[in-house]
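These notes open a run of structures that come right after.
You will see two complexes here that share subunit A, one where it goes with subunit B and one where it goes with subunit C.
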Partner chain A sequence: MSIIMDGLSLGAIYALIALGYTMVYGIAKMLNFAHGDIIMVGAYAILTILTVTGNPLLGILVSIVVCTVSGVVIEKFAYKPLRGASPLAVLITAIGVSFFLQSIAQLLFGAKSRPISLPYLGHVTIFGAEISVNTIITLIVGAIIMAMLTLFVKYTRTGRAMQAVSEDRGAAILMGVNVNGIIMITFAIGSALAAFASLFYLMQIPSTSPTLGSMPGIKAFTAAVIGGIGSIPGAMLGGMLLGLVEKICLSIPAISQYTTAIEFSLLILILLVKPIGILGKKRREKV
Partner chain B sequence: MKRYLSLAKNHFKLSRNINWMLMSVALVFLAIMSDAGLLTRSFTGLLSRIAYSIILAVSLQLVVGFLGELSLGHAGFMCVGAYIGCFTANYLHTVIDSKLLVLVIAMLVGAAVAMVFGFIIGLPALRLKGDYLAIVTLAFGEIVRNIFKNLEIFGGAMGLKTKIYKPSELFIIAFIVAIFTIIFIQNLIRSKHGRAITAIRDNEIAAKAMGINVTYYKLLVFIIAAAFAGVAGVIYGHFTTPLLYTFFSYNYSIEILVMVVLGGMGSIHGSILAAIAITVINFLLQNNLSGDLAALRLLVYALILIVVIIFNNAPALKGVRARFNIRSFIRRFSQRKVIRPSLRYDDSAEWNQIETKIRMDEILTADLPHNEIYTPDPREKED
Partner chain C sequence: MALLEVKDLEVCYGVIRAIKGISFEVNKGEIVTLIGANGAGKTTTMQSIMGLIPIKSGFVSYNGIDITKMPGHKIVNLGMTQVLEGRRVFQELTVYDNLLMGAYAVKNKHQIKEDIEKVYERFPILQQRKSQIAGTLSGGEQQMLAIGRAVMIHPELLMLDEPSMGLSPILVDQIFDIIKQLNEEGTTILLVEQNAKKALKVADRAYVLETGNIALSGKASDLLENDDIKKAYLGG
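So, the complex of A and B:
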């Protein structure tokens, strides 16, 4: 029971990050490799505010603002000039941005990992299993955010414009959608989600380092692909699935060392059976 | 004899072969320098690094630039080759005295094992496209790393202890292998097989319709690229010790990809130059910025990467690029004036005015059986 809850809360973190990947992919058609490092930026923002003021709530707010701003700034300076260039060039730039963020963090905060003290909220006993309040908060807040995002994309004007751009960019331009604006909003939302993810991540593993974001970033990307990249419910499903698998594998001593290998093998297996991910949309190819 | 010479002269294009020829000249020069003891240890180390970077970049170019599939797991193949090859070498050192022979055998073993993995990764490549394949190759790299990290035979998390080859000799072997790689891949691309591979890149469906065996060629490319990556891994294993799984992270795969993209897609000259440039930049930054400034190294590297990519690819900078294009600059000086025959003879003939020696009725009779008498026109018979 506690393993499943832990898995789901880790899954919620992955899902939040995966949403950033999948939205950017769906709308800008690019793999934003720097997304994982936005989590790291958020984590350092929380750390700084916590050490200065000691107020975790303020830390969360500031981290959301910092992440959103950095997401938009990165989009503006690194990706916008390359719109219309080959996808590979954009990919390499994203990797460059990722290195850039890591090195900035390393310069400002040092290469060593720093512990962070978030308030401990205690345990609750549900069905005889001890579950930390952090896990429950992660799950509930994660679910609320995802529900809000789904509603936003489905029912607001901006959300519909996002759907339109992801469906057919050319047609969306002709229909009067401001594509550049939409892409900017997508980056802003994705980065804000990453800020939440960084908070939840710190609640599980309370230390920050410049390379904090790379592994969860890669795993969340894997989750997005498992669910079908470009699909928002797919990212949530993939994230939850990956989180569960990770926690279950970690709880079995015989295979806990090979958790990473198992997760990635799962990805390969799923893609071999269904090459577009679980909920991905099939695109017909034309000559 | 004269005819063959002129034939060879016509078919030999300097611009196509200049890369390995220059490298061979450089190798001979450097080998003599090294023999005379003029090269420092760190410089020969740099040369070895350049050599295996070239092998990696050129072999990844085959996958990314010529087959058109994005692979983020090249370091994974390198990892497999390095671990297995060096493991074999460690064993062979107890049996065989000649270090060179051991290295060569280790390379072959590394290449063979990497080939098997190349085949395994080539299989999903048949079903997956673009970014999906990229994530699968990335996943492969991480799986391999995770497994080698936990296998105690290979040293586990402490890394595999390898016997270092003398750097002043290793770079010569590494360069020879690099030159072989370049010649092999270059000739492959210019062969019938290479044409098929680029055809798949340009349009897979059309290639299939033309009768190209897409399955075969995709697997072939993955296997060849993996083999060379495995060899590069063995060279790396003889260059540093212990062999650590952390080196083969996806960051390293990406560094190889950066060489390919900076060098230009589908350009072997380009990937060689980019491999040299990036290795040298890394080396210089590493030597001059240490300790707390190590972060600065990453920063400079990242900035170079972003600026170069944006300069090379941004649609808005097309005009600027055209003005500073090295290729057109060279061409302006070196191009011989070639006059097209039509211009030379002031030939304004249209295609339908060109006289031919065969008349239409001759073509029509060409494939009739011998004994049948052909009548050109039914109306003639009536007359």
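So, the complex of A and C:
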């Protein structure tokens, strides 16, 4: 029971990050490999505010703002000038941005990892299993955010425009959609989600370093591909699946050492069976 | 003054000059057709006017406003739009959501509701299918949705790229009737067609495009009688 809860809450973290990858891929048609590092940016934002003011709530708020602004600024200065350039150039730029963010963090905060003391919220016992309140918060807030995102994409004017741009940019332009604006909003939403992921991640592992975002970033990217990159429900499903697999593997002593290998093997396996991911949709190239 | 004026338009794909400096105009209230064989540059011309393909040189103006370098979504807000080749409805959205997307630039909710009703009146089949995913519609229904979606912004100039492509003869007639109807209601039309005969019958004026150049132009009724045109495009 507690393993499943832990798995789902880790899954919620991966899902929140994976959503950023998948939405940006769906709408801007690029892989934003700097997305994982936004988590690190969020973590340092929380750390700074905590050290200065000691107020965790303020830290969370500032972290959301900082992440959202960095996402938008990165898009504007690094990716927007490359609109229409070859996908490889954009990919390399994204990797460059990733290094850039890590180096900035190293300059400002040093290369060593630093502990973050978030308030400890205790445990509760559900059906005889001890489950930390952090896990429950992660699960509930994660679920609420994902539900809100789904509703936003489905039922708002901007959400519909996001779907339209993702499916057919040219046709969307002819409806009067400003594609650059929609891409900017997508980066803002994706980065705000990463800020939440960052908070939940710190609630599990309370320390931060300049490379903090790399591993969860790669795992979440894996989750997005497993679920079908470009698909929002796919990212949620992929994230949950990967979180569960990770926690289950870690709980079995015989295979716990191979957890990461098993996770990436899962990716290979799923891609062998279904190359577009579990919920991925085949895009028509031309009518 | 012409509603749409294209002057010395040149469009290149890499080093290939697809459009080699063509000029034409569309006047208010007209139906103008652009006909020509595959690869003549019809779609390229249409899409470059709307800002979807960059223009190498030349000049395009709408209602006297220079739109040569204007981004597509801004051109739409001036009151012209295009039904793209291959219909390009949003396959994963419902019919209703497609129509809502068509009204993206319209702010007045009441107006949108009224306009959707009007589209349903014009195309009753769309009302029956309103909560269906557009990808599940037949080709003819998708074409109706594409046209319905485009008229949601009340365009003064509507450009249609191959609206009859891949449709059965009955549906082709229906689509041409709709084009005539829209024109009678005051919409100026620029029509690209491979079905040259049908296009010339419905149009006021026509331009014949051949490998990036305008080979011929004139009144549609005259071109319909032109021997060269008959041989090349109307099946003898």
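We adopt the following convention: the second predicted complex is superposed on the first by the 283 of 287 C-alpha atoms of A that agree within 3 Å, B and C clash if a C-alpha of one lies under 4 Å from a C-alpha of the other, contacts with A are read in each partner's own complex, and residues count from 1 in each chain.
Please note the rule applied: contacts are C-beta pairs under 8 Å (C-beta built on N, C-alpha and C of every residue); 3 or more make two chains touch, one makes a residue touch a chain.
Quantities reported herein were computed from a predicted structural model and do not represent experimental measurements.
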What is the contact status of A:31 with respect to subunit B (first) and subunit C (second): first, second, both, or neither?
first
When the two structures are overlaid on chain A, which partner does A:43 contact: first (subunit B), second (subunit C), both, or neither?
neither
Using the touch definition from the top, say if A:222 reaches subunit B (first), subunit C (second), both or neither.
first
Partner contacting more residues of subunit A (subunit B vs subunit C)
B
Does subunit B (first) or subunit C (second) touch A:104, or do both, or does neither?
first
In the overlay, answer first, second, both or neither for which of subunit B and subunit C A:176 touches.
second
Would you sort A:131 into first (subunit B), second (subunit C), both or neither based on which partner it touches?
neither
Once chain A of both complexes is superposed, is A:157 in touch with subunit B (first), subunit C (second), both, or neither?
second
Per the definitions at the top, what is the overlap between the subunit A residues touching subunit B and those touching subunit C?
287
Can you list the subunit B residues touching subunit A in their complex?
64, 70, 124, 127-132, 134-136, 138-140, 142-143, 146-147, 149-150, 203, 205-206, 250-251, 254, 257-258, 261-262, 265, 292, 294-299, 301-303, 305-306, 309-310, 312-317
Considering only the defined contacts, which subunit A positions touch subunit B in the complex?
25, 31, 78, 81-89, 91-93, 95-100, 102-104, 106-107, 110-111, 210, 214, 218, 221-222, 225, 229, 257-261, 264-265, 267-268, 271-272, 275-277, 285, 287
Under the touch definition given earlier, write down the residues of subunit A that touch subunit C in their complex.
157, 160-161, 163-164, 167-168, 170-179, 281, 284, 286-287
Given the complex, residues on subunit C that touch subunit A span 47, 50-52, 71-73, 76-77, 81-82, 84-93, 97, 100-102, 104-105, 149-150, 153
